[in-house]
Amino acid sequence: MIDKTHTSLAGAVSAIPDGAVVMIGGFGEAGSPIELIHALIDHGAKNLTAINNNTGNGDVGLAALIRNGQVRKMICSYPRSSHSRVFPELYRKGEIELELVPQGTLAERIRAGGAGIPAFYTATAVGTPLAEGKEAREFNGRTYLCERGLSADFALVKCAVADRLGNLIFNKTARNFSPLMCMAATTTIVQARRIVAPGDLDPEHIITPGIFVQNVVEVPEPLQESVLIANGEVYP
Amino acid sequence: MIDKTHTSLAGAVSAIPDGAVVMIGGFGEAGSPIELIHALIDHGAKNLTAINNNTGNGDVGLAALIRNGQVRKMICSYPRSSHSRVFPELYRKGEIELELVPQGTLAERIRAGGAGIPAFYTATAVGTPLAEGKEAREFNGRTYLCERGLSADFALVKCAVADRLGNLIFNKTARNFSPLMCMAATTTIVQARRIVAPGDLDPEHIITPGIFVQNVVEVPEPLQESVLIANGEVYP
Amino acid sequence: MSAAELGWSRDQMAARAAEDIPDGSYVNLGIGIPELVAQFVPAGREFIYHTENGLLGMGPPPAKEDEDPELINAGKQLVSSVPGAAFFHHADSFAMIRGGHIDICVLGTMQVAANGDLANWSTGAPDAIPAVGGAMDLVAGVRTIFVITKCLTRNGDPKLVERCSYPLTGQGVVSRIFTDLAVIDITGDGFRLVELAPGVTFEYLAERVDAPLLRP
Amino acid sequence: MSAAELGWSRDQMAARAAEDIPDGSYVNLGIGIPELVAQFVPAGREFIYHTENGLLGMGPPPAKEDEDPELINAGKQLVSSVPGAAFFHHADSFAMIRGGHIDICVLGTMQVAANGDLANWSTGAPDAIPAVGGAMDLVAGVRTIFVITKCLTRNGDPKLVERCSYPLTGQGVVSRIFTDLAVIDITGDGFRLVELAPGVTFEYLAERVDAPLLRP
């Protein structure tokens, strides 16, 4: 029987090695898999390439992972953080690398990585500093840039409900990058508020089919980043 | 107030001009918008480029549109029809053009057309006759073909439930190409089994957001292609 | 009337922009003054708001009891959803943008040039943390780009210029600018006045635009 | 025993292929003999079936009262869905294929070559209506391609050949061939016998393969 559920966050992230490329779901705090990120901090893998739209907030979650020196390179669209000096300080000291990608190009590159598309063309960023070093090409009289698909070794993702086959549904705008990252990672680890039996999720409503998911851990009452920040929490 | 609903099939398709590129949803009979196709036959636009996975069955729907001489060119992955000699006969007589596209490449080209991506690379068809005339390029040591996005002037699509804003849900495998075609067409015309009020569809369950849809017509009891064929029906 | 008081307020600029948005438009509103547009929908029109983090049919800030930290907009503010809204992932959301399905995007700016170039993401200062978000996708993909901005920065520097000195967000993308002093179009010939705010003269405006300004 | 009876039946070929599919695999089954594989899942294993027209978790043909003409497989036959199934559109479905997420695809064929080339979509005859469907996507995208086929065509021509004479579906894509006479691997050195059907000798098989055949 296929059973992708794990009982332990630590066990779920234990296979992430130093140097791994890790996609992390969430846009701001919506969909941020804080418990999985904290498990990765405890696990201690270093030299990571992290892919997220932002660089985390406060001193918890992704910001804490960065502060802990585990991230060598960030790939993101908006590294300015609210309530956080972590990334800016390391960046100005030259201690973390940044690949800045327009948000829609980032999303499409991740989808392409998951869909077996090595490269595609987009008009986004033509004529801007972010076009530097990229192949430009005309189609139908308009200039486009060649952008590469983006894959990862691992994805850490939060969802609302999962089943043992890895089928997922999300809550509102917490969906954001997560379904794409599930596609693009070799190993996708999901924290779900609730795990139900196969068939309890309507097959018409499933957002991420289980084929894109390898591990599921139930985290019934996930921490809320904004509450942690308001309380001045620091992890670890 | 935004209201994309129409009461008449004839009115909905009346703007389709001679020479239009028309995407038609459905895979076999699942999701085939027969009433809209028959309205297009009555309307009479000629010289059409039709895009569908197949070429229709029997003497109704897409096969009837082709037999009626309205289609100059088919873009599809599998033009062999069951219960139909329409396409093969015209093709052998040189009276209809065929652009044969692998099914997954066809789907992705339509998505690309809808997503503003003029071209992408895929490994599908490398080393086959369908690679002829296409740019080949290596990424990470593997050869890929450059494929172009595919757009249309109109899409004809069948869905299960719609609202006045054009939000759609589908039934089972009748979903197939339809959500992609809604994205890729300038004007998408939908026949819905049922039209409900905005908000009646759960925003988490909507498959095609209304932004991709321009016209909706209610067809509560659509004809079933297999039944028509079993009865030997011929349209018109 | 002092110069500081002359012209339109933030609300008035937003209301004036809203007037130029056709009924039934799909609209993406940038952070800041552009967000105010949603408060000034002209009577009889319905706009549908897109927020690039995965919601079509964004509504106003929610009542306290309806707040959900997982229902936010691109500026990461708590929002609501209207009846008929839909949620989707980021690739579908930017397919709407890149594919030309959003009718109008209203943005703030740092500079806008007479050729329609927009610069609103970076000063290019060496110690700045570069952060682009979805701005480049929006200007490349949305059919009509409106800009709402004061004519001058806080330091009194003109924001409407001959050529942008800041790094570009996009080339030749802006259609119309709603400023505190006037509505101005980008034409093939450069800036062209559409409408002056009450009490503002053409000469007064022209002094605050660092490029040739054409009469209506 | 006549030559016609020698070797494995269609069911036995399918059952033998099923033995080589690991527990938990995501599997796409081609039309014809490959479809039979679903009837021979070894005890204790669970396979999840993908059909490229938008269903993961395909089940067997439905009971008459559960038939839905909008629930079909890629061969356009009525099917069912199992608990835990999911529906999706064609681009997502082929993202699973092209992106390497399907573990095993089992296909029929017209020819398969010693270098792993597959030809199963067209004879290249001038009057043939070319029709490719999803075959090229499957062989390019799925990690492991199994082929189930008789060694000879109805006319007695070998289907396992040195080089395909029919137009290719894909280059060097096949891993293993389950025939009526034997299981054969594609190796860097060509065809290599894995296992003979009962009563079949190496020589008997080698006569029916139009390319060098390596012993196990």
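Letters A, B, C and D name the chains as they come in the text, with residue numbers starting at 1 for each one.
We adopt the following convention: a contact is a pair of C-beta atoms (placed from the backbone, for glycine too) under 8 Å apart; a residue touches a chain by one contact, two chains touch by 3 or more.
Since we're looking at a predicted model, the values are computed, not measured.
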Which of B-C and A-C has more C-beta contact pairs: A-C
Cα-centroid distance, subunit A relative to subunit C, in whole angstrom: 29
Length of the line joining the C-alpha centres of subunit A and subunit D, rounded to whole Å: 36
Gap in Å, rounded to a whole number, between the CA centres of subunit D and subunit C: 55
Multi-chain contact residues (two or more partners), subunit B: 108, 111, 115-117, 122-123, 170, 172, 204
Where subunit C touches two or more other chains at once, by residue number: 55, 81, 87-88, 91, 94, 97-98, 141
Listing of all chain pairs that touch each other, if any do: A-B, A-C, A-D, B-C, B-D
Contact footprint of subunit A on subunit C as seen in their complex: 51-55, 68-73, 76, 81, 87-91, 93-94, 97-98, 117, 122, 124, 127, 129-137, 140-141, 167-171
Of all residues in subunit A, those that touch subunit D in their complex: 1-2, 111, 113-117, 163-165, 167, 183, 197-199, 201, 203-204, 206, 209-212
Subunit B residues within the subunit D interface of the complex: 27-31, 77-80, 82, 87-88, 91-92, 98, 100, 102-108, 110-111, 122-130, 170-180, 207, 224-226
Contacting residues of subunit D [partner subunit A, same complex]: 23-24, 26, 46, 48, 50, 55-57, 81-88, 91-92, 94-102, 141
Subunit A to subunit B touching residues, read off their complex: 108, 112, 115-123, 139-140, 142, 144, 148, 169-170, 172, 203-205
